[in-house]
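Heads up, the next two complexes both have subunit A, just with different partners, subunit B and then subunit C.
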Partner chain A sequence: MATDNANADGFGEVSRVRGILFEYLSLGASVAGLVALGVLLVYVAIDAFDLASASPGWLLTYFLTLVIPFLAFCLYSADDSAVTRRVLVVLAGGLVAVAVIFTAIEAFVVTIPRLSWQLTYLFVVVAPATAYLAYVGSHGRVGAVGFGLLGRLVGGTAIGLAVGTLFLVFDELVWFLAYTLGVLPAAALYAYGRRRDAGRAVTAAIPVGLVGLVAAVFLRGVVRTYPSDLIIYLWTLAVPIAAVGALVVDARGSRTAAVAAGGVPLALAIAGGFLAGNVGLPGPTTLIVIALTGVPTAIYVHRVVDVGDGTVGLGLPLLLAAGVIVGALVVEAWGVPAPDPWLDVSYVTEAPSRNATEAGLYPAIVGSVIIIALVAVLSFVLGVGTSVFLEEYMPETGVLGSLTRLLQINIANLAAIPSVVYGLLGLGLFANLLGFGYGTAVTASLTLSLLILPITIISAQEAIRSVPDDLRRGSDAMGATRWQTTKNVVLPEALPGILTGTILALGRAIGETAPLIMIGAATTVFSAPSSLFSRFSAMPMQIYAWAGFPQAEFRYGVVAAGVITLLIILIGMNGTAILLRNRAERGS
Partner chain B sequence: MTDSTESPDLQRRSGLRRLKEGTYGGFFAACAAITLLTTVAIFATLLSDAVVFFAEVPIIEFLTSTNWSPNPAGGGQSFGIVPLLIGTIVVTVTAAFIALPTGTLTAIYLSEYASPNARSILKPLLEILAGIPTVVYGYFALVYITPVLKATLFPEMSTFNALSASIMVGIMTIPMVSSISEDAMSAVPDELRQAGYGLGATKFEVSTGIVVPASISGIASSYILAVSRAIGETMIVVVAMGAQARMPAVGETLFGIPYFNPADVLLDSGMTITVAMVQIAGGDLTGGTIPYDSMFALGLALFVVTLVMNVFSDIIAERYREEY
Partner chain C sequence: MSNTSSDTTEDESLITTEVETGSANWSPALGETAVAARDLNVFYGDEQAIDDVSIEIPEKRVTALIGPSGCGKSTFLRCINRMNDMIDVCRVEGDVEFGGKNVYDADVDPVALRRKIGMVFQKPNPFPKSIRDNVAYGLKIQGYDGDVDARVEESLKGAALWDEVKDQLDSSGLDLSGGQQQRLCIARAIAPDPEVILMDEPTSALDPVAASKIEDLIDDLAEEYTVIIVTHNMQQAARISDRTAVFLTGGQLVEYDDTAKIFEDPEEQRVEDYITGKFG
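Let's turn to the complex of A and B:
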């Protein structure tokens, strides 16, 4: 009877406390990993930028000159009194709360190493508030314009630097010949054919281009005299970019605006390229960077001015630059003690060293950029090819259908093989059997391409699958062949999705270390690789090598700076991928 | 005749067009073939060198010897996988203690409790956990986690230890568990939940009593995938766990059952299968030596284990999936 009674008592009894506890427990579990990662990232940032030794005066100076104007800009863009009030309350309340709680913990519980309440306030309150405001502000027209301009400046600089880096390895003279004999005539033929509606010219473009490329490789050994690097870069990169910019503006607006949009950045780039040598910068790279930032910026500014809405936002880069300069002046004038960051310009432009203060990441960055460029091309081509084959060419039923399923299962399993095993594949197949050499950039790129291929394929398949079938049937009904449907309908629709997936996969490749160790990549090289078959190091390899150093300056300084560099590049890549995805979603 | 030239000529250059179609189709097929070839190549590479290795070192010795010292300079060479297996199991189990409960609770929160807004923020954030390079996690474990644990909980901890490495492996695998489990939980039809509420169940009871059992196959398969990921994890353990292949001291209980002291294993350095491979690769890669071949034997073991686990996880997800 006792058990019966117990059952009767339990029936219908609802524990509110248990439900609430469970909800908060699961919420806590969801954020536990993130909080842990957040704390670790805060510490690594503090170490990399030496913020622990930053004086409160220094923090306050830049808070006033840089952060406050940026917040004000976002608030102006958001133009929402509720948001303004909320942010102000959080910033002010957070200041008091963090100061009180932090001091209490320090006084009664335990001293927290390398953190002051000012830093804690910056990371716990100001950083999230800034991120939130940037998000809200970017929905306003002014903010969208400001961030769009900022993105073009940063993105153009990054791409320009990457292109300059690639020419460390690739022969720019071959590129000069290939461009002059192959790319330029083919592009001209194609453009002419499109404009005059002459199908023959369009069809001829590809063979002409191929002949030009072959001729370029052949002539490289024959031709003796070449123009200087600067002229080559100007002729093959800056001029075409400016021309494209001018054409884009021309299609939208007046002839004069077009000439200005192409001409002004070009003139700036030429001037920058020739003057860069005087201040110790490499001229050709400066030329490309200015061309690649200037032309998109000019197009964007023209469009914004043309639309005439939110033009104030164009001032955002100026606002930030002014903030940095004023901050630096104040720090200089009043002698505010400033921190000495590990991650500075010399860190990313100099070679590694036994001496912690002189150590740099430059050769490893170059190695990573080169590998990733090759991996991007290889995995994109192979990934798109495979996913098109599986989605467009193979049936889902019948004998071939089971072959499709086999391929599909195989790809899923490849995705789950540990990366260190791919390293063994690279070692046994590419380095030893095919003789590409231990630790060369070619071996590394091939290995990493195979490693991320399954991820690329799976995301590309999803993108292709999300193209509505009506579009395909429509194309079929027009008499298009399978390839024409794929080329004209499926791929353009799926391209943003494919690119997003590929960039995310590349983010995985750039951080992979284990396969590189297995193929014998160098942990430390002291000069940037000069060819695809020279030994190279990559950012994660260098971080791995330095993490093994026992000295505290390396453990807490140099490696932290390397980690932050790697993470900044990763965030940049993933941010691009997310932007692409959002744009595609908005478009469709 | 003029009529026929003015109407569109559908047969024009059909041979060229067919060639073009065939070329592109063939190119795509070749791309797809590369994925199959990759699997074959991995298997062939591993097997060819592993066979050479097992000709030198009998497979029984490889599987049962308790000593791993591949370096010929250090005296007797010995290739026993047992200490490496212990290291791998220790890391995997500890990581699983962190990742599986946390991941499952996260999945429950995301699919049952979170507002759509919170979900849209939390899900991409959780993916970040899986996107951080593993060498960075290893660095975190070595430079931040170990000193903190040493200063607070375990003063006798050594600089390189299994515990901090396992914690980081656990955090890294949380999103694997949570995203696959959440997919399975979201696939549970709302009718089941409504039926539960109709019977007077609370949200807690619906979540734990209806949703979790209904999606148990997906949850189980996510567990297996996460564990297989932890087994193959390399850089975290290489950086944070050190490279000492050792057998933990075996104690005996009252009833004569041997046991390991977990603190002894967790707080000291150790070696996993992956670390052993990296250690050999970091030294000499000339090929043809026994240590070189032993890497491939270890790789084969790793490959087989992860492959079996993946197939197993697929089977569980397929076979025991509740169809609604």
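Let's turn to the complex of A and C:
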């Protein structure tokens, strides 16, 4: 009887205390970590841009000319009255709340160093609200167009600067010969073969290209006269980029639009390249930047105009530029006291100095960019090669299977070895034994590649393993060789995962200091490296050196500016890689 | 189940006679033999998956392999194009003849062999590429230098998929429904113009409507190709095949004959029990 009636009072209760406790502890831990990092970055940004001395008037001016128009743009794009209301409430309510709480803490608890309530409002309320709105706005067509255009402008500039930097070290004359003799004929053959359906032309492209490259290296020692750098960049980079742009537009639209999409950026690039010298900018780099920015922008603008939806969004870069200019004019006209940021143009274009106000990071930036480019190529090629070999070629059973497992365990262990040890290995192997020299860019690149190789291999293996076996069997059953299966099915499918792993590993490499110290890299050099074998410094090394300077300006302002530069370059690099990855994901 | 396994040793002589009776009964209309196995034994490690199977499969016909799970029919199918080579522990003894040549001879390149034999799997497995690239895959890896687009169209028509996808050849093969994906896999298999098409339970992951489309398609395919199909579905075997081979536990081929004979008047009691659903 008792059991029959038991359910009348419900089914009893099951305790969830431990689960709930765990949930909130995890949430608390992750929030605490993020908040701590956020506070640090806020202080670093305040130091780097000297925001502590920014007057409320200066902040208000740019808030009105730059932030408000941007928010309005996003709200216009989102076109959602609920979001608009919510954002207005948060901005207004946040203003009052931050002002009251900040003043209360200052009055009753403790004075908060180098922060005013206005700055706190900007960082705590406006910055997250802007990020949220940018996210919401990017889902509208207008916002998507605006951010797409902005992304091409920023991305093109960044890639152009990176290419210009790489040519500081790599011999542009070899590149000129290699392009003229190898790359161009191979590309022409390939295009011809594709268009005319001539399989032999396509097959001949690679051998012809290789012969051209070998001939280029050989001729470099023989040929004495070359065109100027500007002509070389024009011929080998700007013209082909413009041609590709014109072809892309041609495939979609009219001949005139194609000529304009290729021709206008090319003309601008040529003009920029030849005139840059007059205003003290390096001509070749200017040419590359304009070409790499202009052509994708032209293609994008053509497509947006062609589709005819959200063309208003194309005004976003203008809106932002106008905001900056108007803000600067107002500040100038009304004599609003402006902060003097440590991170300015001269900081990223000048050499280090004993004088804090003249100190620059340029040689270290160039050093880091070159090392990272080499590390990216080396670790990607070696990492993917090794992981393909281990996953696709080594058998899982028998003697070789045991060997594979042994290798596997050792690679996992290598990932856990402290970076100082890799520094020692680099010192012994590359600097001493192979004679690449102490503290040279090539020694550093090889050492850092070794350091991140295990991480790259393990993540690439994971990505390759996650490709369904069904696909491999399907390809095998079609009579594909193992190489054909790997190349056509496994690698394209695994590429996004492989790139994710490589991005994470590169993030580690760019911040490493210990192995660089071990191989004898200089903490400070005063000119950018001019070849792979010249001595260099990297950003973390230089920042570390400055942090030890006795003057407070170095320890706060200059170091903070260095950290921000390092982060911006890291984010730019990762952003590029993530874009590539997303493209690969969409392509498959 | 335990009864049948204890019977196996006594029946061994019967099996071989059964096959020979079967082949002796072939009418000339059946044509040439496309694939033949002689005294085939397959082991996974110590476990025997195929037990002394001999069979002759006629060309341009549909031959169904039926039997309960684990009876070795899929293993037999994978012996024909040597897909078993991929399994490290798999060991094959005996001959499998295709085009008059033992495919397990030392001078046979399994990759070259597979280019002559198409295969369709249980789960549709189109590549994460466009429909066009999926169908052209075999042509691409074999370095075909004719008109690829024409062959793609022809193969998609052959797989009864052309009308449904002709406007979206550049969209991903994964965007298709399950049944369409399976027909895409069939188009992929026939594009390089193989002689034999192996199908390993091609409809078991599909709904009945999609399955019946595939069945109609298999009928048409048999005009040009030798089709060997593994199926769990007895009605399907009865509907689409000309010849049926019944495998029972232990990897033995118990009976092999014209489909009508197998389903109406099987020689073996065990086959009748299996077909009428008494076990398996």
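Operating definition for what follows: the second predicted complex is superposed on the first by the 541 of 588 C-alpha atoms of A that agree within 3 Å, B and C clash if a C-alpha of one lies under 4 Å from a C-alpha of the other, contacts with A are read in each partner's own complex, and residues count from 1 in each chain.
Just so it is clear, a contact is a pair of C-beta atoms (placed from the backbone, for glycine too) under 8 Å apart; a residue touches a chain by one contact, two chains touch by 3 or more.
Computed from a prediction, not measured in an experiment: that's the story for all the values here.
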> Looking at the overlay, does A:S475 come into contact with subunit B only (first), subunit C only (second), both, or neither?
Replying inline: second
> So, does A:N488 touch the first partner subunit B, the second partner subunit C, both, or neither?
Replying inline: second
> Once the shared chain is lined up, is A:A351 touching subunit B (first), subunit C (second), both, or neither of them?
Replying inline: neither
> Looking at the overlay, what does A:P454 touch: subunit B (first), subunit C (second), both, or neither?
Replying inline: first
>> Once chain A of both complexes is superposed, is A:F389 in touch with subunit B (first), subunit C (second), both, or neither?
In response: first
> Does subunit B (first) or subunit C (second) touch A:G398, or do both, or does neither?
Replying inline: second
> So, does A:P418 touch the first partner subunit B, the second partner subunit C, both, or neither?
Replying inline: first
> Is A:P540 in contact with subunit B, with subunit C, with both, or with neither (first, second, both, neither)?
Replying inline: first
> Looking at subunit A, does subunit C or subunit B touch more of its residues?
Replying inline: B
> Which subunit A residues lie in the overlap of the subunit B contact set and the subunit C contact set?
Replying inline: 479, 481
> In their shared complex, at which residues does subunit A touch subunit B?
Replying inline: 12, 14-15, 18-19, 22-23, 25-27, 29-34, 36-37, 40, 43-44, 381-382, 384-386, 388-390, 393, 407, 409-414, 416-425, 427-429, 431-432, 438, 450, 453-454, 457, 479, 481-483, 486, 504, 507-508, 510-514, 517-518, 520, 523, 540, 543-544, 547-548, 555-556, 559, 563, 566-567, 570, 574, 578
>> So in the complex, the part of subunit A that touches subunit C is made up of which residues?
In response: 199, 395-398, 401, 468, 470-471, 473-481, 484, 488-489, 492-493, 588
> Any idea which subunit C residues touch subunit A in the complex?
Replying inline: 81, 83, 86, 88-89, 111-116, 118-119, 121, 123, 125-129, 137-138, 140-143, 145, 172, 185, 188-189, 192
> Which part of subunit B faces subunit A closely enough to touch in the complex?
Replying inline: 10, 17, 20-21, 24-25, 27-32, 34-36, 38-39, 41-42, 45-46, 48-49, 101-102, 105-106, 108-110, 113-114, 122, 124-126, 128-129, 131-136, 138-140, 142-144, 171, 174-175, 178, 200, 202-204, 207-208, 225, 228-229, 231-235, 238-239, 274, 277-278, 281-282, 285, 287, 295-296, 299, 302-303, 306-307, 310-311, 314
